[in-house]
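Across the two complexes that follow, subunit A remains constant while its partner is subunit B and subsequently subunit C.
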Partner chain A sequence: MQVHWIALVAFAGIALATIAVGIYATRVARTTHDVYIASRAVGPVLNASAISGEYLSAASFLGIAGMVMSFGYDVLWYPAGYAAGYLFLLLFIAAPLRRFGAYTIPDFAEGRFGSPTFRRIAMCFVLLIGIFYMLPQMKGAGVAVQTIAGLPYWVGVVVVGSVITLNVALGGMKGITFVQAFQFWVKAFAISVPAFVLLAVFGSYSAHWEWATSSPPPALQAAIEAGAPGSAWGQPFGPLAERQGQPLLFTYSLMIATVFGTAGLPHILVRFYTNRDGHTARQTTLVVLAMIGLFYLFPPILGLLGRVHAPDLYLSGRTDALLLELPGRLPDRLLGELLRAVTAAGAFAAFMSTTSGLLVAVAGALAHDLYARTLHPRADLRERLRAFRFAALLAGAVAMAISLGIERFHINMLVGWAFAIAASAFFPLLVLGIWWRRLTVVGAAAGTLVGGGLASAAILYTMWAGDPLLPATTWSTLLAQPAIWTIPVSFGTMVLGSLLTPHRVPPDVNLKMLRLHVPETLGLRTDYIGE
Partner chain B sequence: MDSRPDLIPLLLGQLVFTAVATAVVLYLVLTRGRTVREGREQAICESLALANRTLPYLRQGLNRMTAKKAAAVIHEFLQPAAVAIVSGRKILAHVGAGADHHEEGQEPLTTLSRELLRTGRPLVARSRAAIGCSQAGCPLETAVAAPLTLRRQVAGGLVVYFGLSQPLTAGKVKMVRAMAQLMSLQMELAELDRQTERLAKAELAALQAQISPHFVYNTLNTIAAFIRTEPETARQLLTDFADFLRRTFRRKGEYSPFAQELEYVHQYLTFEKARFGDRLEVVYRVDPEILSTVVPVLVLQPLVENAVRHGISRKLGPGRVVIAAEDRGNECWISVEDDGVGMDAELVQQVLQRPRRNTYGVGLSNVNERLRSIYGPEYGLEIVSRPGEGTRVSFSVPKYKAGVEI
Partner chain C sequence: MKSSFRSEPQDRAPFEAPPAATDTDDPDLLAELPSLETLEALQPADDALQEIAEQTAYGEILLEELIRRQLRLGISVAAAFLILLFGLPLMNLLFPELVQMRVLGLPLTWLALAVLVYPFLWCLAVYYVSTSRKYEDEFTELVK
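Right after this comes the complex of A and B.
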């Protein structure tokens, strides 16, 4: 396999640049002699860039384009759901959660119900979701290095994984809003420029649509004959849903998982803490919606281009590498290599930002909740820092080890599963915890356990026992995409559990509700609560 | 991979397993504390459970709402004809028979209640006459009355009435008296709670009022020095100082966002800079992510004042104070560093141990104690210092801690 040097240099370059910016530039940028402090707060646009940067992972950058190419426009439910999730955050969760002041979901669980036990349960799901979400990032790294350097899959996983893990463990990636915001713009640039250039060189979108669906060029025709999807590619309930026992059920379940999962992602919610108040939290979410919506215009276009110009990837089964392969199909070799360098840089930004955010969240949960609060409650500052480093290394190593065994799953599919677990475990907790007075700790804990537990069990079972794409029964659909029943079960358990234990409603529930819902500008809180 | 025929049974098994496990956990959680025990043990358990249920109400003090709730619980448990709680000259609560004429908020109708409030002695009424209800046809036949005391004064009484079919046994009398004692204890505790709270508030208020006289004196001197040479600067400083004082006295609440603490420090430093001129350089190195983190009030300014007063002012030549706040995941780390005269190890120990006499303002020991009491002993101040080289005082706070709210 050929080595693409320019892309490799860009790949390594963006890694070094990110680390260097994290270590030196922010330190310089944050040092001043005289400041008007309030003006230095992170504004909604900057914070929205950072959230988008952390959110757009390998799944969005590499995965969607690859999956669109593999399965057609059915896959559009993924980006639509990923973006629409912020709508629910905007409407129901962002502002109250910010007002509450909780930094993580375990913080919310403990603060709202006053139960350290529930905090630990929530922490376990943070760990599970965090590790699960890291797997597709690692896979993306493996595939990317495979494509641009011609090295085996595991080399990419281990090298990129180690670089990111070490950077986090050495303290390079904590809450660095500027770096994450910068990564968003890198990704937005790296995904849009190739789309424009390729369309300019190869012809219009509608022409490509024609080729992809009704009049395939010879190479694509050959691929279709060898098993690639045919004209159904452009249809609703196309090749992705059609493989399921119940295409409609599958589609709805997928939408539900992606839409409700966003609220439960541990690395995203912590970013809302940076907002000044509930109002700016809402503004931030709105800007995120716009930014992410814009970004997701491009992967489907690149998927379409890939189907027409790189149909050989169907045969090799490496559609996840589409974004790195596609520039090579340009007639001008140098332009192709340069574009590949751009997408390689974007891909690295994608693994780096999301994996770092997840590692910080997971290591934070391990060090803060497990170590400092349970195992060694009297740990001092230095011991806590050491625990964080060790936890980051451990979590990174675990994620890398597991990723070596998941090469056969599509990046995007893995992310979809992480969303399903997050949606089942945390979405009902957040919605009911914020909006329902009568929720009790028993109900909430049972719902989180049942919903999250069932979703994880179903998904792990699917991963372990079956090819998620092959079995074609209703049962297998429900297992492969469980959100449609696990979220209602979780909600139901919470409501039932709470109604059965009315005496466990926290006595200070009205105070908590006040804290969650009264806008800061009313100034009610200091006076009213202070009484 | 082939779709395996044994898929569905396996999956069913797993689902059933999960469901059963969940059911068991739920059952255990829901039925905890309701386990029925036998005989004597059961009676003890029930009294304790009763006490446990009335306590939270009375812990909030004795008023009509809490009295009503406590009376209802006792009524449900003892199953007498009625339960009344009286206080001062009023019936606070009357639950059960006779509620039509034993009205809440009114003066007690019975001589028993009046006698109880007057003498503060436990009483037993074995007949209607002893109860002395002025209403004809009152269903209450016998009664046990016991005083509720608060700091050895009679604060009220618990009266439990029984009807015709309910014999008045010695056990019931004992039970009511024990109950009243328990309730008194709770009211004592409630009073203690309120006192502690008042004390804490007073302490905080005193803390906020304690601006160091040195600081006021120095600032006024500085302003005086400017009046001739730079009247405009002097005027500005005076306005700022008035603003600063107003802010200091008006602050309320135990906690505030870190941004507010920084602004306060910034304001404070205006005067120190005016005084020291070029001799004092201040550098901020603050991660904007933690500006909204909630911290105890006046947690930063004493550290900065300490650095200026004990570090820089005693040093010949210019000095530099670095105020740093770092985002460290679930915690933030805050430090104040100076390159002043420094301290030896002995002095470092002393500084944290107790407030020294003749020092005013909020000392480091006070910050240290507050941090430790809010977040736990491992969150206190950390001082690193070497004579001649400077001092760094630092601490870290969790980004969220239940109860630490604005």
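Right after this comes the complex of A and C.
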């Protein structure tokens, strides 16, 4: 395979910059608070850049454009759902969670109900989501290095995994805040500039729409005859949904999984603790919505461009690598290579920022919830810092090892699985825990276990027993995208369980509600994490 | 606890003893982070807040009212969004000609889902943030 030197240099440049910031951050990140929560000295724009940088993963950067090219219109539900998740986070979770002062979701679980057992249950789901979500990032790294350098899949996984693991272990949350914010802007630049250049060279958005659907150029026509999707590509209920037993059901279950999954992602929620107060948490979410909304305008454009100018990727089955291939289709070779360097840098920034955010969340769960709160409550700051670094190394190594075995899965699907668990286990817990004072620990824990357990079981079944080649039925759709029924089941279990155990409503529930909802302007403020 | 928001009453009770010295490098950081594991340590800012904290009927009504208004606002904004977003697949199914109407050279349904949904989300969010802030300010006024 051809080696693209300019792109490889950009790739190495981002890696070295990340390592450099990581080393610098070890000097800044001196205290436990720096490592865990960046000392809450993070303003809304910087914090929003970091959240967006963390959230826009390899699946968003490479995956969506590639899937739009593969499947067309139906894929647009993914980015719309991802962005909409932040609206729900804003409406029901952001400010109260910040005011409650909980650092992790397990902190909220224990703090709201006074139950250490519930903390452990929540922690298990945090770890599960973290690992599920990390795998597609590692896989994306493997695919990108394969495309760019012609090296084997495992090289990308191991190199990216090691850099990130080291970076998180050394710099912690404070270190990666700046890295992730920087990486957001790298990604925003890397997705918008190629789209503008390609549109300027080849023609307008609507002209490409015509070429992609009603008047395909010869290369695309040949690809369609060889099996690529035809004019149904641009229509709702096209190639992605029509393989499902019930296209409408599939569309709704996809939307529900992405929207409510986003609102329950533990590694995103951890970042809200770095806001100064509840109102800043809302402003941060507002900036995030603007940032990722702008970002998501571009993957559909690039998918459309890919369909028109790189239809050979349909035949080689490599639409995942569209963003790295597309710049090479420009008539000007040098410009193409430069743009390829830009998209390669963006892709690399995407795996690094998301994986590092997930590693912080997983290492935080292990070091904070498991070690400092459960196993060794008397641990001093030095011991807790050591535990965090050890947990980061351990989690990074495990994720790398698993990633080597998952080369054949489609990357966006893996993220969808993590989302289903977040949506079914955590979203109901947070919403009812924040807004419903009659929620009891029995109801909440039962709902979390039932929702998260059913979602996990459905996903594991699809992974090992489902055959993607068989035509999908209503049942297989419901198992592959379980959030549409596991969220209501989880809510129902929580409400029913709480109504059956009214004596277990926490005696200090009014104070908990006060803490969640009273604005800081009253000068009343507290943090769950003390030292 | 440092309150940068409003002046504290001068006669307030002394706050809980600061945490024992730890080996952190940054004493300011710890001064800012009170050791508050329980809500008994909450420091009421004044009498009205004291009422809320002591769960008197009046305080409870005030807080209950704030929570109810915020929740109603959240549900309204969520409903406005969900009706439109969840309505789109139905529109696609029931009115295929309408949603394929060309606007700016693109089919309406593509334009809606690939472009317009993002500014719409943002506008709803702006409305929510300013309105919820207004409710909180009104609550603060009442309590003061």
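To be clear about the criterion, the second predicted complex is superposed on the first by the 478 of 531 C-alpha atoms of A that agree within 3 Å, B and C clash if a C-alpha of one lies under 4 Å from a C-alpha of the other, contacts with A are read in each partner's own complex, and residues count from 1 in each chain.
Just so we're on the same page, contacts are C-beta pairs under 8 Å (C-beta built on N, C-alpha and C of every residue); 3 or more make two chains touch, one makes a residue touch a chain.
Note that the coordinates shown come from a computational prediction; the quantities given were computed from them, not determined experimentally.
Asks: Who does A:515 touch here: subunit B (first), subunit C (second), both, or neither?
Replies: Once the two structures are laid over each other on A, A:515 reaches both partners.
Asks: Under the stated touch criterion, which partner chain does A:177 make contact with: subunit B (first), subunit C (second), both, or neither?
Replies: Once the two structures are laid over each other on A, A:177 reaches subunit B alone.
Asks: First (subunit B), second (subunit C), both or neither: which does A:162 touch?
Replies: Touch partners of A:162: none, neither subunit B nor subunit C.
Asks: After superposition on the shared chain, which partner residues are touched by A:221: those of subunit B (first), subunit C (second), both, or neither?
Replies: It touches nothing on subunit B or subunit C.
Asks: Just checking: does A:380 make contact with subunit B only, subunit C only, both, or neither of them? Give me first, second, both or neither.
Replies: both
Asks: Per the contact definition in the header, classify A:231: touching subunit B only (first), subunit C only (second), both, or neither.
Replies: neither
Asks: May I ask you to decide whether A:273 touches subunit B, subunit C, both, or neither, giving the answer as first, second, both or neither?
Replies: The first partner, subunit B, only.
Asks: Based on the superposed arrangement, let me know which partner A:87 touches: subunit B (first), subunit C (second), both, or neither?
Replies: Second partner only.
Asks: What residues on subunit A does subunit C touch that subunit B touches too?
Replies: The answer is residues 30-33, 380-381, 515, 525-526, 529-530 of subunit A.
Asks: Per the contact definition, I'd like the list of subunit B residues that touch subunit A in the complex.
Replies: Residue positions touching the partner: 1-4, 7-8, 10-11, 14-15, 18, 22, 25-26, 29-30, 56, 252-253, 259, 262-263, 266, 281-292, 294, 326-331, 333, 376-378, 382, 394, 396, 398-400, 402, 405-406.
Asks: Where on subunit C does subunit A make contact in their complex?
Replies: 1, 3, 5-6, 8, 19, 22-26, 29-30, 33-37, 39, 41-45, 49, 52-53, 55, 60, 63, 66-67, 70-71, 73-75, 77-78, 81, 85-86, 89-90, 92-93, 96, 99-100, 104-107, 109-110, 113-115, 117-119, 121-122, 124-126, 128-129, 132-133, 136-137, 139-140, 143
Asks: Looking at the complex, which residues from subunit A come into contact with subunit B?
Replies: Spelled out, the residues of subunit A in touch with subunit B are 27, 30-35, 37-38, 40-42, 101-104, 107, 110-111, 114, 171, 174-177, 273-277, 360, 363-364, 367-368, 377-381, 384-385, 388, 442, 446, 449-450, 453-454, 457, 461, 465-467, 470-473, 475-476, 479, 493, 497, 500-501, 507, 515, 525-526, 529-530.
Asks: Touching subunit C in the complex: which residues of subunit A?
Replies: Contact set of subunit A toward subunit C: 30-33, 39, 73, 76-77, 80, 83-84, 86-88, 90-92, 95, 204-207, 209-210, 234-237, 248, 251-252, 255, 279, 282-283, 285-286, 289-290, 293-294, 296-297, 300, 380-382, 435, 508, 510-515, 517-531.
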